[in-house]
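Everything below concerns the one structure shown next.
In this document, chain identifiers A, B, C and D correspond to the written order of the chains, with residue numbering beginning at 1 in each.
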């Protein structure tokens, strides 16, 4: 007879993350649409601002994060919509999969998705707005990862909540946007510093803020998420 | 008394930026505060549980 | 005004406010529940009168009695309502946070109702406090909104709690609503320090802000009386809103956590609904 | 399972109530299912059968009262209970965008089975989906989904199997297969709780019967 044995939290996260990425890959048409949506957003900023290259270059960091933020709402909303069809989230819970592992895998999956999207957007931003990455690729990717994690952690909790509420498409950004204003602020500032150079050594404080934000919300999500999905 | 007067005139001459007037802003602010408080009290009164026969509100 | 009068106002307003808060807690326990038979009218009238009297005294102190400010002239008088309103908003946010934590530790409809009441009343005080801050900014800085760190942080928190209230509206299942809104309440409150630091740093990179001078000793009395008056108002609002929330909960679920009636046979006979 | 002389009942409901909003889906239900017996749940739509099964499967917690599976409380020892029970419900718990095989593999890995590939392959053959193992579930018919869902249930190797309308959406051959699978489950010592409108099939499979009406137990 097959005998099941409990698996570690880490292993559960790996299994669930693998499952989410597999689904993401098998529905990659949707992923492509997301990429083109965010590219179009970047392009729209240049039209909204006008052909003032100086202005575009100065605000490039902010536009990049706004484009990522808009895309993140779509990606986050989808991450629990796939679990709603056939009540697969119930199936996972009763499997049993640790609810905290579900949180970690979903948040990590969203982070991976957003970082990938950001990695695609940054070269486009460089070309479109005529900026250069003064501090190099390392800090750029670091800020990108920190910023995407900051969006993903509270975004995952809120997505799980909004997915079961009325008007979920409005509710998710309504709850998420004000919450991540500090993260957006810090990420956009840090990106601008990475692009334009950091003569006054401010990058440290902004990344520190992002790290603090991440610690708080990954911690809170880890603790509170089981209460969101368990009944 | 005279020193106060002197200081005031001195300040006025130096052009210490005391903001003059501005009572319309004060009235607007107090008006908004009182209006919002009264309107909220009214909304509580309207939403009061009907079951209770004793209605209690200022 | 004599020193005696000063002391009477200072301690009298504080005592009145604390008594009202105590009464408010008592009424919240005894009178607010739906099945309460308590006649609270005398107490409520007394509390409301105390609020109005203290508000009138505070208004007089702030608008007439207080001297002009050396730099701000008369305009600074706005802070007598603006600052207490912000304090009350902060107080309700703390209360909301406490309720949210408490609900997750031990589910109780009363905590859920108080969380709802505190968020809404907090939005009221924070909302008009913010508008007052903007009005104060016009003659002081020349613009209504100068991205002052305190006001900006408060504005962000207000939007966050508006989303909290929206969530409460959008979830119909009362049990789920209570749990989810508690989670969102905790997450929202945890954001407060981060919002504060981020906005402060963000602003400090531009210019040093001419924030309103912290209150002079001679103006303290007016501010205190107004703050106590607002605390009384806050208590009354919370009490009534809490009672409404309890009644709504009663309509949604069977309070207090009642079991279904225990007579299936008799119910089957006159049951009109066909399964 | 260890059949000690004082073995706890397979399923015990102690004054169980479940409230959705103001509506009591289950009202003060008490029932004990001894070891080695299987239970047929009957009742009209909306009588509380599905709610009861979901409570036992730990999808929900009871509003009042306790549910015990093999002597374990479904709330206090939730993870232990989840290893004992498996639910076949109206919702299939299947990922539409994954293939049948991938669906089973996710569960097998979550369960920590020693050889997930073998287990998945073996079960797909057993429910007659061996040739469609690499088709996405989205292309499956309702009956095939049911088969895959039962494979999912078998994968968990539960000691208490909860079957909510297992015969629904199946053709006559499918119903026979399902009866055979349920029979095998019972033969291997699994306690079965079956909710169905096909009372004949149900009565032939189960020794006990519980009839629900408006969330209460009544004589059938």
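In this section, a contact is a pair of C-beta atoms (placed from the backbone, for glycine too) under 8 Å apart; a residue touches a chain by one contact, two chains touch by 3 or more.
Given the structure is predicted, the values throughout are model-derived calculations rather than measurements.
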Required steps from chain A to chain B (each step between touching chains, minimum): 2
Higher-contact pair (C-beta pairs counted), C-D versus A-D: A-D
Distance between chain centroids, defined by C-alpha means - chain C, chain D (Å): 49
Distance from the mean Cα position of chain D to that of chain B, given in whole angstrom: 66
Between chain D and chain A, distance of the C-alpha-averaged centres to the nearest whole Å: 37
Mean-CA-position distance for chain C and chain B (Å): 18
Contacts with two or more other chains, residues of chain B listed in rising order: none
Residues of chain C whose C-beta touches two or more other chains: 172, 175
Junction residues of chain D, two or more chains touched: none
Touching pairs among all chains present in the structure: A-C, A-D, B-C, C-D
Chain C partner contacts - residues on chain D that touch it in the complex: 17, 19-22, 24, 27-28, 44-47, 64, 213-216, 218
Residue numbers on chain B that touch chain C, as the complex places them: 11, 16-23, 25-26, 28-30, 32-33, 36-37, 40-41, 44, 47-49, 51, 54, 56-58
Residues of chain A defined as touching chain C within the complex: 154, 157-158, 161-162, 164-167, 171, 174-175, 177-179, 181-183, 185-186, 189, 202, 205-206, 209, 212-213, 216-217, 220, 224, 227-228, 231
Residues on chain C engaged by chain D in the complex (per definition of touch): 172-175, 251-254, 257, 259-260, 262, 264, 267-268, 271, 275
Chain A-facing residues of chain C, complex: 104, 156, 159-160, 162-164, 166-167, 170-172, 175-176, 179-180, 182-184, 186-188, 190-191, 194-195, 197-199, 201-202, 205
